[in-house]
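First subunit A sits with subunit B, and in the next complex the same chain sits with subunit C.
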Partner chain A sequence: MTRPSLYSLTLALPLLIWQLAFFAVPLIFLIAISFWTVRNFQMMPDLNFGNWERILTRSVFWDAYLRTAILATTSAVLTSFIAFPAAYAISFKLSERVKQWLIFVLIIPFFTSYLVRIYALQVFLSDEGIINAALGMLGIGPFGMLNTTFGTLVGMVTLCLPLVILLQVFSLNFVNRDLVEAAHNLRCGRLRTVLAVIVPSARVGLVIAALFAFILSFGDFVSPLYLGGGNPPTLSILITDITKSGQQWPRAAVVALMMIGTLLSVAFAAITYAYKERGK
Partner chain B sequence: MTLKSPTRRHLLRMTAGAALATPFLSIRAAAQTVNLSMLAWYGHAEPDIVGAFEEENNVKFTPKYYTGGDNMLGLIAQSPAGTYDVILSDAEYVQQLNAAGYIEPLDAADYAFDDFYPEFQKFPGHWQGDTLYSVITRFGFLGVAHNTDVLSEKDAASYAVFSDSRVTGKLGHFDWHLPNLGQMSLAAGNGSAYDIDEAGWDKVQEATMALRGQVGGFFDYGGTFSSLNDGQMLAFAGIGDWITGVLEKNGAKVRTTIPEEGGLQWTESFSIGKGTQNYDMARKWIQWITSAEGQAKSADMAAYPALIPNKKGWEVLNATNPAEAKRQNMVLGQYNAMDMIREGRIRYRQLPVQQSLEDWNDFWSDYKGA
Partner chain C sequence: MTGNDNRLINGALKLHIAACVLFIFAPILGSFVFSLNSDRFPSLPLGHFSTEWYRLIWEDPFVWAGFFNTVIVGLIVAVIATLLGFGGAYTDFRYNFLGKNVYLALALLPPTIPVVIMGLAMLAFLSRVNLSGSAISIIIAHGVMCSPFAMAIIRLRLSQMDPDLEAASWNLGGNEWATLRHVILPFTKPAILAALFITMAVSFDEFAVAWFVSGLNETLPVKILGFLQGQVSPRINAIGSLAFLSSITLIILAQMLLRNSTKDRS
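Let's turn to the complex of A and B:
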């Protein structure tokens, strides 16, 4: 392997500085704060393990942790399943031109405010909202969708779906079409081809897409609060609640670090699985 | 004479000249207008309140709005001294602002305390000994907020309505432990809402947990408005006319009723930020908002209405806006809000006395997670 030249190191420097300034330094600061003490509503530098003990010994933390993990996993699985037929159709069935337009359409949601979209969803999901009004015309309902887990999941899927479809499309684009043809030649039906050839070939991209959905959902604050009614709270809501205990930012930092640790572990495990070679 | 196109040198020279001149233009304009930064709940620096003052005094308010005292403290802690000229604070937080050294001492003689009702001339928490730190500006009551199509004022005359079967899954909580647990403390029969012993605290926790099955959600400021307005929630704990008044004035069928067990009082006051460069104008603002004219405007603030502590403000309000005076129970010469306070039906919202704030907040988190 050749040593990197001074030129290439210099080009990489801005990114390194950016990562240090906006990722590494804040992370180290967050770790430091988790050991600080609050006196008279002001944070003071300290080496206090009491914050960690207080948070990790409270059942409300672990309840919220489990709840958030289950919600995020459900969101990742649900989004992946909903996204796959769309991604498959875009990648395998549509012409290049239509594909490009649809990819452009999928990027548009990123130009709009997520919070505004969630407020709009309230109009759809509320007891006297659009969906219940439509169901009412058919003589069914109303169904309680707002301020429920269902509402939270709708919000999370709304957040993640465009990204997951895009990642799946890019991943499916790289599946070797010769393998698909070979499967058909060997009398494999369409569904079996998808499950036995396409999905394993695109495994890396599909897992990464699900991982992104998990990460986004795990940290989401907006959907659990505005569509789930904060009832019961997720870890993100717990962080804001803890700061209301007279500026308890150190304890909120503990919760944040547990979230970061969890996400790093899940990401590492997912990437290891994604890149694992068959039979090893 | 034919017009020549400008040469590049000419164009650059003129552009540089214009660019250099611009700061002088804006400095000249800025020197004439005082910029007063305000840290407050939403609405306090909107035209309906500050418009007249801004015109008369050549002032421009730059607001920073917060939702909740903890949010306010966080914002101040993150800013250098002098960032905020005037700070609006709930009563419970004035002591915290003072303890942290965020506010200037004030001269009581500068303000119209003689025009205030006696109950507000030396409001607890705004003074430290004989030194004034914050001038009371507005207050309001917290009670049972309810949808009047489903729950009448008679239904809402007791906190027991929160357990009513009509409210199952439709009880909302404003997501702040202090007003909610204070109401539950009154509902549990504690004479003092916030100064309670261990037995009283146990009663509060029991009464609160008993409501868990009724709860439809825990809402922030915006969520509270929308869920009451669209009927998603039929009863709400932890709020008062400061929310329902806005909705009621816009035609929503909601109201706040003060129940028999008693209501709570929130209180707002203005302080001057430590290190302000605009002390005189900040003082002038507080003088104006606590004057009779300012108080009458403040009572009918578009963002959220409030009761006012200045007696002369009541007179102006009765004369200029009798409908609002009636709606808020500030009519002179008949049973009104001050009588409710004097009868002991209202307790001040304050920080817990015998338990720590953390204990109350930790229980609130347990309740939410139950």
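Let's turn to the complex of A and C:
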């Protein structure tokens, strides 16, 4: 191997240094401070397992953990099921022109403020809000939707749906059209073609789309707080509460590390599942 | 398509797409409508047309301060993230080396880390090195979060380039730097501009990490978070609509640049 030239280093190193210093190091630092102690509102370097013990023996934490996991799983499953018929239709039924246009439309939400959207959703969902007023004209309701789990899920699905549809469309675009044609010719019914041919061929992409929905929902603190009412808290609300209400950052770090551990395990399990027995 | 009941199924599928798009865009459109409505808390029937909320934010010095912070941070972040992203994209395009996977993971992973965790890690680390609570801390954090987008956009453009082009330039006597300047940069220019716009748009709307690390130098999205925590304020809709219009302008500019550049090639 040749020695790297000045030219190659000038181009490659800035990004490496920036991401090492400001991405990798802060995350590793998070591990370190989870063992530190707080005295007189100051963090002191230490090797103390007290923070871990304190967080992991509290039922508040485990309740929040379970609640967050259930919410994120529900959101991932719900979003995947809502997204699939749309992604299927975009990939298989629409002209190239309409397809391109819809993909562009679905990218737009990534560049809108999530906070502003959640605020608008509050107006839609509240007791005297748009939806209840509309239902009231039909003589139904009102339904309590704000500050409920339903509200949280609406927010999470709003957040995840565009991304999940896009990822599903990309994976469905790679499904071999000859296979679908063959299934048709063999008189395989429409629904059965989707379930027995299309879904298995696109499995990797579909699982990864659901994984992204899980990751986004698991870490989201805005929907649970402003649409779900924030009480009882989710893990991300716990982190913001602990961090913003004082110097107990080591404990917040423990919660954050538990979240990262969970996300890594879920990602690993999902990817293993996605690639398992491929082509069988 | 063949078959006779297709029309019904296709119609239902198209309706479903329309419902999804409506669901996704209802809050965005809603906030536009609410921003021009007289009611503090809009409901049906809607109140009358009013520009009151825009007048209120226009006269609010805190909103202006937040706006200037947002723009300055966004401009600096766009330049930094695009420079870093360009280097990363070119490195991935041109070189193979030991540990390239680690390099790419470091470069591309930040958007998958939940923002609360990024925020906490950044806050803890930056306050340790005495950088938290300043605009610099937001720039640092947004640089981390935006450079993957810049890198992805520029990398896509590079993959459209004939690798022999570079070699041809070297054969004609251009050294690597001259080739970079006269071959690579002109070729990737549309993607570089697109990356500038996109990263700026991402920085404009990022509130969570900025909220953790910003201290008193709040950007506009962090202001919105403050409004949300306080009482109901339709000013959020007015700010949100303006922010949306500026973001969408940046995105459309980026999209036009990228589309034209794909045409150039053929």
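One rule holds for everything that comes next: the second predicted complex is superposed on the first by the 252 of 280 C-alpha atoms of A that agree within 3 Å, B and C clash if a C-alpha of one lies under 4 Å from a C-alpha of the other, contacts with A are read in each partner's own complex, and residues count from 1 in each chain.
The criterion applied here is as follows: contacts are C-beta pairs under 8 Å (C-beta built on N, C-alpha and C of every residue); 3 or more make two chains touch, one makes a residue touch a chain.
This is a predicted model, so every value here is computed, not measured.
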**OP:** Using the superposition on chain A described above, determine whether A:I107 touches subunit B (first), subunit C (second), both, or neither.
**Re:** second
Original post:
Is A:L16 contacted by the first partner subunit B, the second partner subunit C, both or neither?
Top reply: second
**OP:** Classify the contacts of A:R203 with the two partner chains as first (subunit B alone), second (subunit C alone), both, or neither.
**Re:** neither
**OP:** Give one of first, second, both or neither to describe whether A:P232 is in contact with subunit B, with subunit C, with both, or with none.
**Re:** first
Original post:
Is A:M259 in contact with subunit B, with subunit C, with both, or with neither (first, second, both, neither)?
Top reply: second
Original post:
Touching A:K99 in the superposition: subunit B (first), subunit C (second), both, neither?
Top reply: neither
**OP:** Tell me which partner A:T243 touches in the superposition: subunit B (first), subunit C (second), both or neither.
**Re:** both
Original post:
Where does A:V60 make contact in the superposed view: on subunit B (first), on subunit C (second), on both, or on neither?
Top reply: first
**OP:** Would you mind checking which one, subunit B or subunit C, touches more residues on subunit A?
**Re:** C
Original post:
Both subunit B and subunit C contact which residues of subunit A?
Top reply: 126, 128, 226, 243, 249
Subject >> Residues of subunit B that touch subunit A when the two form their complex >> reply: 68, 70, 73-74, 77, 96, 99-100, 169, 175-177, 215-220, 223, 226-227, 230-232, 357-358, 361-362, 364-366, 368-370
Original post:
Okay, in this complex, where on subunit C does subunit A touch?
Top reply: 1-3, 9-10, 13-14, 16-17, 20-21, 23-28, 30-31, 34, 41-45, 80, 83-88, 90-91, 94-95, 97, 103, 106-107, 109-110, 112-126, 128, 140-141, 143-144, 147, 151, 176-177, 180, 198, 201-202, 205, 207-208, 212, 221, 224-225, 228, 236-237, 239-241, 243-244, 247-248, 250-251, 255
**OP:** Quick one: which bits of subunit A touch subunit B in the complex? Just the residue numbers, please.
**Re:** 40-43, 58-60, 63-64, 122, 126-128, 144, 146-147, 225-226, 228-233, 237-238, 241-249
Original post:
Which bits of subunit A are touching subunit C when the two form their complex?
Top reply: 4-5, 7-8, 10-16, 18-20, 22-27, 29-30, 33, 82-83, 85-86, 88-90, 93, 102, 104-109, 111-121, 123-124, 126, 128-130, 133-134, 137, 157-158, 161-162, 165, 184, 190, 215, 218-222, 226, 236, 239-240, 243, 249, 252-253, 256, 259-260, 263
